[in-house]
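Given below, in the form of structure tokens, are the structures.
After this come two complexes, each holding subunit A, first together with subunit B and then together with subunit C.
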Partner chain A sequence: MDKDKIKDFYLHQIEMFGNSNVNSLLKDIRDSAYDDFKSSTFPTKKNEDWKYTDVTPLLLKKFSRIDGVIDNINLDNFYFNNFPNNLIVFVDGIFSQSLSKFENDNFIIENLANLSFQNQELLKKYFSDFLSKKNIFTLMNAVFVNDGLFIFIPDNTNIDIPLQILYLNGKSKNALITPKNYFYIGKNSSLRIIVNNKSFNNHLYFANDYFDVMLDKNSKLDFYNIQNENAFHYSYTKFLMNFDSKLTHFSISLDGKFIRNDIVSELNGENIECNLNGLYLAKSDNLVDNHTEIIHSKPNSMSNEIYKGIMTDKSHGVFNGKIFVSPNAQKTNSFQSNKNILLSKNAKVDTKPQLEIFADDVKCSHGATVGTLDEQAKFYIKSRGISEKVAEKMLLKAFACEIIEKINIKEIQKHLSKEISNLVIDKNNSEI
Partner chain B sequence: MLKINNLYAKVEGNEILKGINIEIKKGEVHAIMGPNGSGKSTLANVLAGHKNYEVTKGEIIFEGQNFLELSIEDRAKEGIFLAFQYPIEIPGISNYTFLKTALSEIRKKNSLEELDSKEFMEMLKEKMKILNMDEAFIQRSVNQGFSGGEKKRNEILQLLMLNPKLALLDETDSGLDIDALKIVSNGVNVFRNENNAVLAVTHYQRLLNYIVPDFVHVLSKGKIIRSGGKELALELEEKGYDWIKE
Partner chain C sequence: MNEENKILKDITDSDYKWGFVTDIESESFPKGLDENTVRLLSLKKDEPKWMTEWRLKAFRAWLKMKEPRWANLKIPEINYQDIIYYSAPIKKEKLESLNEVDPELLKTFEKLGVPIQEQKRLTGVAVDAVFDSVSVSTTFRESLAEKGIIFCPISEAIKKYPELIKKYLGSVIPYNDKFYATLNSAVFSDGSFVYIPKNVTCPMELSTYFRINAQETGQFERTLIIAEEGSYVSYLEGCTAPIRDENQLHAAVVELVALDNAEIKYSTVQNWYPGDKEGKGGIYNFVTKRGICKGKNSKISWSQVETGSTITWKYPSCILSGDNSVSEFYSVAVTNNYQQADTGTKMIHIGKNTKSTIISKGISGGYSNNSYRGLVKVHRNANNSRNFSQCDSMLIGDKCGAHTFPYIEVDNKTAIVEHEATTSKVSDDQIFYLNQRGISSEDAVNMIVNGFCKDVFNKLPMEFAAEAQKLLAITLENSVG
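== the complex of A and B ==
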């Protein structure tokens, strides 16, 4: 495959499937992006936003859109099932009614392909410009969109049971998976969402997803986005936060051949608390690239960002954290930290803070580190009779615990501890 | 139990230990005293197997075995324990998990079955009582946010739980007020019996009021320049190290 021809390959697919059989919402979204998609090109390392990440491997493969629902699947090993949760299942990006199990008496949850006319209108009212950020990947997501999820939490509604959205990907070979999700959290309302991206098997695929999330006044959202796959994944998430709202986001990349996450959080009000947490693990020759952007556009808000990465083998980590404080966003409080552990000589990480501060009365701090496991700490642990491998597991857990301790769902905590433990190859399979 | 013969060790190219000879028998308490920088911690670290220290000459024989060939963890399993001068904080790993993991490794080596949680907890609580430690420390992360004194107590808790043959104490008295010193020393004395031994490394004499040594060695510039009984410690306290150097 010639990588310069890949755009034509995708354009040709769009022409082939056309817009028949889809509702007017999907058609409108596709149409809104088509021209821009057609005229844009895939980035190279010369592009500042892609300076550290080479997309060539992605362009050398051909992925194709999927039709039809697949629902004859045993889900047991794929989702978190040890705590009560509402479960929404997408297989290769297409909603499966029969695999999903949820109750929603007091809020709206519906997949885009089957969205009622009334809810299409509701969606358009809150998310009038279907995509808030246009780059070739978000445009591609839009022109190929064939499903996704709409959640609408009305005002004054607290949803106690976490909502798990399982994106089970790769049932079909070489799938292009392009869901688009719109979540609205009403005034004084709260929700916990777990987006769980899992590979069905070892089929290669390209998941290109999009989340547009609005937190209205005084709302509260915990959002866990967990990627545990062996494929290509581009993910775009946009948060628009209103006065007094609070977001706690976790971007957790446990496995993936090529991962690029773009997260943008716009603090469009006062007294907002925006917490962005990240934990990324990379092995073999995998790449995980996290780009975040926090925009303080009003005074008196707070953002708190902690990203931690562990890279082993020949893997490559990237962190780029942009903080923008507009001239009138006085009394902004913004903290950013990125810490990395390299477990092998061949692993590498690029980390870059990007602070653009145009207000003078602000408190902003940032820091980045790249290191290895502390030898003195290892000596201490081993001097108690504990093996080298278990000592390493303990120290990795110690490194990640700052993130893990913030997670208020026990099963997810356990799952992460186990994944971290598994980074150390240990023939005794010791769990700690 | 332990024989150190003509031991030379380097750290980052500098020779720090220059021909150390010590023999420790079961039931004995030895003290190594010496000014700052004389090599006390180096000796303790070399015995525990720290990789930064390169042994260039001499031997360490523990229970008849050549110790120099053993890894850090194997030395611990053979029965050596180092109470650190500066204990390490391990966030996210509870004292419970840490001690249970360590104890099961050591028991495995001695062909003993792993204790179940209940037996382990009983043992742990009993030892914590000796050290006047609150049970809240069981679930706290290892040394994280502990005061200096709490860290030292936690070291002795590990000593009591792991029950080695030889305890190396590196400045265990430093940073302790008199009450804490008594508690910690009492912990060490509870540990002692006719089958084990203690090597206490200390700058000051005061620890030796509570953990009474059978032998005192004075270390200076990597060499033992004087050995004697417990009265040597008192003499040093009175006259200072310069007295010996002259």
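== the complex of A and C ==
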């Protein structure tokens, strides 16, 4: 496939499908992005935001939109089954009514394709511009959108049990998966969401998802985004935070051929607490690219960002974190750190923590490190009669501990510890 | 708040103290740049043919280049045809001693505090004074010559030591490198050439004082320093320039080559005209500085104090290609009023066991913007390489900005790279504490800022450290955080 022609391929697909059989909301979203998508081009390494990430492998493959619901699947191994009755399932980006188990009358939760007229109006009220950031991938997500999730938590509502959204991808070959999600957390309300991205089998696919999240006054959200896949994934998440709100976000990338996460958090009020945490493990020739942007536009808020990565084999890690403090955001406290461990000779990492500060009465700092496991620490453990493998596991777990112990869902914690242990075994096997 | 406003006003009101224009007859080219200008320049300087060709090669490459725009700077359009590319003080006769030097010129140096007369012996500084574009007087050359050290204007070196120039000129920064470096390669007027022979430790600190004098003269300095095996040299560069309205472009190039076990220390104090309170006028300082640690165990250290220029855009860099080589970068950049600075360094680790340290302190006041931009790159084979970077910013007033753009690219698992940065302001508590002890707010700020920059000042040679502190005090005059 000629990579310059790939856009024509996608444009042709859009024409083929047309806008029939979709509700007016999806039609509106598609229409709002079509012209811009048509005129934009895929980024190259000359583009500062894509300096370290080459999208060519993605452009050499053809992905096609999927229609129709698949629901005859045994889900057992795919989700965290602590909360079996709080599960929303999407297969290849399309909502599956029969696989989802959910009982609720406290708040609104509906998929976009079947959204009632009343709820469409509600969505439009809070998310009037369907796209807060326009780059070719978010535009592509919008022009191809065929489903997604709308969650509306009314004011003063606390949801105790975490809500799990399982994106089971790759049931069909070469699928282009483009869900678009809108979450609204009302005043004084709280919610925990687990977005769980899983590959169904070895089929290659391109998941291009979009999350637009609004936290109203004094609301609280824990957001876990877990990627454990074997494919291409572009993910865009936007948080708009109001006064006194608190966000704790986890971006956890356990596996994926090509992962690029763009996270933008706009702190549009005072006394906001924004925590962005990231843990990425990269194996074989994987690429994990995390871009984050925190915008402080009002005084007296706090942001805290910690991203940690472990790279093995021939993998490549990229981190770009930007903190922007606008002139009137006095008394901002902002911390950012990115730490990386390289476990193999062929692994590499590019990191770019960035501060742009226009206010004087602020406390901002950032740090970045790259290194390998400390030989002396390893020797110390080994000298106590512990094998090399176990010593490495211990050190890696200790490294990831800073992120893992912040997670307040036991099952995810366990899962991550196991993944890190596997890393050592994988690595040793590949080197022998 | 009122107090603070007053202070801000005071900072912005402090004038550039070191501006004056010396009346000296000078011979200039008409404005404009084309192949003929380059040829004429080369002819005027009586250069050999290969040098003219080299310049032309660079000029042709430059024509195909575009001005880079990626920096965090707002740069007004520069008309390269509106610059005088050559201006030299007219030599009336050949000068035998300092007494014959134009007394106006000597006065200028005196005002600048250049120890060109008896003081120089006491301070142990040999001065290659560059007055506009032609070196007028080079001192101490004899005592240096005894040791085999060459310290002369580069135009002289081109004629006298063509082998060295051919071998090293453009070896670190090629003729077709980047826009401003290439422009410099085509039209460089003069500069310094230093050659330290094998196993020689240069007995004194070498120093060049630059000064842009004639109106509308872009100055294109070219410096080349070569340290042979086992040698050591410390080089000082300091600049001041008179007040004027016209923006002036300064695109210098500095190349350093350190061979096995050699060490080069390069220090800069830059206090060019920063423009007036509205940000009008002032000098554009677009400098390309790069060193290569070519040999084993070699060392290059850059230290800089940047207080002047409307726009400063420079990244003194180091390529660590020899095994066990070491590089350091120490920088203080102060911006005030409408000044802009985008400065930092690049450390490219290629050899094994290479080490680099980056300490950068940025202070912004008024409406200025100060950015640190740095690259640390560890190549595949640079085993056990080590980098530590620290860049701190301080903000004085709420109209200024401080930015940090570190790029870290690691391609080797045995490398250890650390980066940290903080941004803060001069806190009221600190000032109050000093006030209590009877120290005026202004002195308190000076003291705090000096303490903030101490890590860097400690690395400067003695005379420079004193001058740097003075400069900082003047730049931040009347300021209370």
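Heads up, the rule we're going with is that the second predicted complex is superposed on the first by the 422 of 432 C-alpha atoms of A that agree within 3 Å, B and C clash if a C-alpha of one lies under 4 Å from a C-alpha of the other, contacts with A are read in each partner's own complex, and residues count from 1 in each chain.
Operating definition for what follows: a residue touches a chain if its C-beta (ideal position, glycine included) is under 8 Å from a C-beta of that chain, and two chains touch if they have at least 3 such contacts.
Here the structure is a predicted model, which means the values were calculated and not measured.
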| said: With the two structures overlaid on subunit A, would subunit B and subunit C clash, or do they fit side by side? | reply: fit
| request: With both structures superposed, pick whichever of subunit B and subunit C touches the larger number of subunit A residues. | output: C
| field | First (subunit B), second (subunit C), both or neither touched by A:132 | value | neither
| query | After superposition on the shared chain, which partner residues are touched by A:394: those of subunit B (first), subunit C (second), both, or neither? | reply | first
| query | With the two structures laid over each other on chain A, which partner does A:330 touch: subunit B (first), subunit C (second), both, or neither? | reply | second
| Taking C-alpha centres, what angle do subunit B and subunit C open up at subunit A, rounded to the nearest 10 degrees? | 70
| request: Using the superposition on chain A described above, determine whether A:297 touches subunit B (first), subunit C (second), both, or neither. | output: neither
| request: Identify the partner contact of A:367: answer first if only subunit B is touched, second if only subunit C is, both if each is, neither if none is. | output: second
| request: Report for A:32: first if it touches subunit B alone, second if subunit C alone, otherwise both or neither. | output: neither
| field | Superposition-derived minimum Cα distance between subunit C and subunit B (Å) | value | 13
| task | Please identify the positions on subunit A that touch both subunit B and subunit C, taking each partner from its own complex. | result | none
| Across the complex, what residues on subunit C touch subunit A? | 70, 378, 393, 395-425
| field | Interfacial residue positions of subunit B with respect to subunit A in the complex | value | 45, 48-52, 71-73, 75-77, 81-82, 84, 87-88, 90-93, 97-98, 101-102, 105-106, 109, 141, 158, 162
| Touching residues (chain side subunit A, partner subunit B) in the complex | 374-377, 379-388, 390, 394-395, 397-398, 400-402, 404-405, 430, 432
| field | Contact set on subunit A toward subunit C in their complex | value | 48, 52, 327, 330, 340, 342-345, 347-372
